Amino acid sequence: MIKVSVVGAQGRMGSHVVDAVNAASDAELALALDAGDDLTAITPENTDVVVEFTVPSVTLGNVLTLIAQGVDVVVGTTGWTDEKLDAVRAALAQAPREGQSVFIAPNFAISAVLADYFARLAAPYFESAEVIELHHPDKVDAPSGTAIHTAQGIGAARAKAGLGAVPDNTQTDGGSRGQVVDGVHVHAVRLRGLNAHEEVLFGNAGEQLVIRADSFDRGSFMPGVLLAVRKVASGEFPGLTVGLDHFLDL
Amino acid sequence: MIKVSVVGAQGRMGSHVVDAVNAASDAELALALDAGDDLTAITPENTDVVVEFTVPSVTLGNVLTLIAQGVDVVVGTTGWTDEKLDAVRAALAQAPREGQSVFIAPNFAISAVLADYFARLAAPYFESAEVIELHHPDKVDAPSGTAIHTAQGIGAARAKAGLGAVPDNTQTDGGSRGQVVDGVHVHAVRLRGLNAHEEVLFGNAGEQLVIRADSFDRGSFMPGVLLAVRKVASGEFPGLTVGLDHFLDL
Amino acid sequence: MIKVSVVGAQGRMGSHVVDAVNAASDAELALALDAGDDLTAITPENTDVVVEFTVPSVTLGNVLTLIAQGVDVVVGTTGWTDEKLDAVRAALAQAPREGQSVFIAPNFAISAVLADYFARLAAPYFESAEVIELHHPDKVDAPSGTAIHTAQGIGAARAKAGLGAVPDNTQTDGGSRGQVVDGVHVHAVRLRGLNAHEEVLFGNAGEQLVIRADSFDRGSFMPGVLLAVRKVASGEFPGLTVGLDHFLDL
Amino acid sequence: MIKVSVVGAQGRMGSHVVDAVNAASDAELALALDAGDDLTAITPENTDVVVEFTVPSVTLGNVLTLIAQGVDVVVGTTGWTDEKLDAVRAALAQAPREGQSVFIAPNFAISAVLADYFARLAAPYFESAEVIELHHPDKVDAPSGTAIHTAQGIGAARAKAGLGAVPDNTQTDGGSRGQVVDGVHVHAVRLRGLNAHEEVLFGNAGEQLVIRADSFDRGSFMPGVLLAVRKVASGEFPGLTVGLDHFLDL
């Protein structure tokens, strides 16, 4: 049994993680902590892996503390920059236990991770590519971080393949052509009833490839969180790993 | 047999009309004219209905000439304004033959016309509504005239039903939320391989309604053109009629 | 305020209705009854409208009892036959209060009701039509009652329009062409993650019309239930009404 | 310049190949042969690569003749069995020129090939998987060979990953659940206006992944044919290669 502690256990995502750990046959809940609790209560004796779902302003501090405590960490909080990731790498280099792991993922939905991965693979083979993300209307940012990541991946793959700009003879535009991210047009739909969805369209003369990921509710993230917990607990991924695609056999 | 003359017969659309008339069992081709030809060769003796597919700069003049010739006209050319429509109405009021008809449609694809009509019907029942149009990358305007028309219809139906603005808590936007037409966000995708497509999304808590029209090629307009020819030839629609939905039994 | 009693208040749907009534600004919960409770506790003094969500084996008896009690009823239970509907009509003819109403709907999701209605309207204008329904894998029947209803509506509309059979030159088939309902091929997908979805495809040469209704959770039925409660309470629909489309301004 | 001869040059596909070769900047048409022509006119002196699009009854004979002539062959004709492929391998082992290549592909549309490949990659990560193929109504077989191939790939990937049967509690079925291929339900839609389309649906609790390939016309196959011609001409793929995915950098 993998002993899992949860930091941010009363949050929207954290409470789902607690339920998912309790429901898993190969994991058991150790500590469930939230804001104000002392993270040093988490030790290698009571915990194998910590799952951290808090807020961008505190997550780096939490992770550094947990590294110093000698435990592995799976992080679902967003807002990571290259500087913050470097701080994690530096801390891991001086971690008390050999082979300690930190795993950070911007998205734990397997469908979204696969869509993003397939989009990068497909990008070199199509003249055109656009991204449409669709979310509930209470989401405050647009486009979504996932859509930006997908567009960046497509843009990089096109550049590597020597493709030029996507064909687009539109001469006038009052905004309908969306936001251009690394040469890829990204559209954001906000619609009551939806949760989190992404559609990637690729086109050549006479053909289209569509890759769509639908996340209907937060429960969709739990298989990905449990997969990360198991991979981190296996000890096969020492150091910092970013992105759930590293844990899929692709 | 309905005797059909075609003006703009060598154009992209007009040549399809010639083929469609030749293939129809209840219509036969009378005159096939193009730029430079004398429209007064068209008379009630040789022609029941004229199909006019030319360019915005000449269509009004053509239609006025054809009204004076005493024949009914089906117009597929775009670019009509309220002023131009009024000029057609005035000419029809003094037409040489009683009950003369002019029919003008911005879109002859039955799927697109139905999608537009259904969108207006559905609009009062949903909190959210957005429009995505998708076209080949050589189209120069965005969003499409059809998408603007659909968004205007949704906006008017929402207003009539007393609905407020669509819910949207997006705080930052680099353009991904599209162009707002009468309160409805409209997105334009340009993708090689596509022709002309429109998708209307409606959302309430827990549910979504999607209406999508795909026009894969210009042949998709011909059933609508022939329907218009038959309706105009029936004599049941004297005066000016705008929009193919008037000829559908909805 | 409309006084609403709920029969089947502890069931999956009934408990949502209780919540929806409590949340509505123009309705208030009167009695919440379930199996074993005495329905004669419901009277015109304490209740304007009863919402009945139970099981097919008891719903007719419940409705007859409630009619005799002099209250209006909105029924969401399925399994109604022509014989059962006739029994309701007969009881209403002898109801104690003038203008008493019973409303029965096979589906309260507005998106699904509109999709079904639009499919009937569109059917006369297309050579081809097929229906795909998609549900969670725990649904025991296939195709769904909604999909059968939609296919029947398309079949009737095609027959009325004088359309022949859909074109289909498939010579061999191991079952992939689906179940044929009134001449319309119906396909049933069962997929974890989905709830209740229906897609209707119409095709002509060069064009396609797609109408899709997604019900992501049971909450999607509540706007329709509340609409029905309000319409029944208005007194404008005496007698038996079947189908939510009668309450939409289409 | 790659010298390309076409066998079946007057056929539906072959005539497109002739056009595509003429339009390519790095290829030129050598011989264009059809039924009744003598294939031994094709020699290494006048031809680098032959593209063969004929019919299943003659393709094996054509390929064996062309191997004996010492030229490389790209084959788009369908109907290949393991026995026929073995015959090609045996002939290649005794080919007159060292490193001679034969490439056979059931599908040259890059979108379809990628969809099939991505479906195999994604399959281990989802509880549910179903395939819907959609074609014009003049297609005589159902489901399509591409859909069967995709379903077989998903079934094999599920078996390798130790997944059991897809969840499905449907108790009654009049055919709506489709044809089961290696444990995967496959549905075939026939709709006027469509050409060749495939949609693969994957589901987990709370999430869905959809991969869709649309081939709108035969021109969609030409980029894949030219890619195959270039790869075969490169000399890097001696012997028999089956499937365009071998020529994509995945």
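The letters A, B, C and D name the chains in turn, as written, and every chain counts its residues from 1.
The rule is short, and it goes like this: contacts are C-beta pairs under 8 Å (C-beta built on N, C-alpha and C of every residue); 3 or more make two chains touch, one makes a residue touch a chain.
For reference, the UniProt names are A, B, C, D = 4-hydroxy-tetrahydrodipicolinate reductase.
A quick note: this is a predicted structure, and the numbers were derived from the prediction, not measured.
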{"item": "Listed chain pair B-C, A-B or B-D that repeats interface C-D [over half of contact pairs the same by residue number]", "value": "A-B"}
{"item": "Pair sharing more residue contacts (C-beta pairs) when A-C is set against A-D", "value": "A-D"}
{"item": "Mean-CA-position distance for chain C and chain A (Å)", "value": "40"}
{"item": "Centre-of-Cα separation between chain B and chain A, whole angstrom", "value": "45"}
{"item": "Between chain A and chain D, centroid-to-centroid distance (C-alpha), Å", "value": "35"}
{"item": "Residues of chain C engaged with two or more neighbouring chains", "value": "126, 193, 202, 204-208, 214, 216, 220"}
{"item": "Chain B residues within the chain D interface of the complex", "value": "193, 195, 214, 216, 220"}
{"item": "Residues on chain D engaged by chain A in the complex (per definition of touch)", "value": "109-112, 114-115, 118, 121-122, 124-126, 202, 204-223, 248-250"}
{"item": "Chain A contact footprint on chain B (complex, rising order)", "value": "126-128, 130, 132-134, 137-143, 147, 166-180, 185-194, 201-208"}
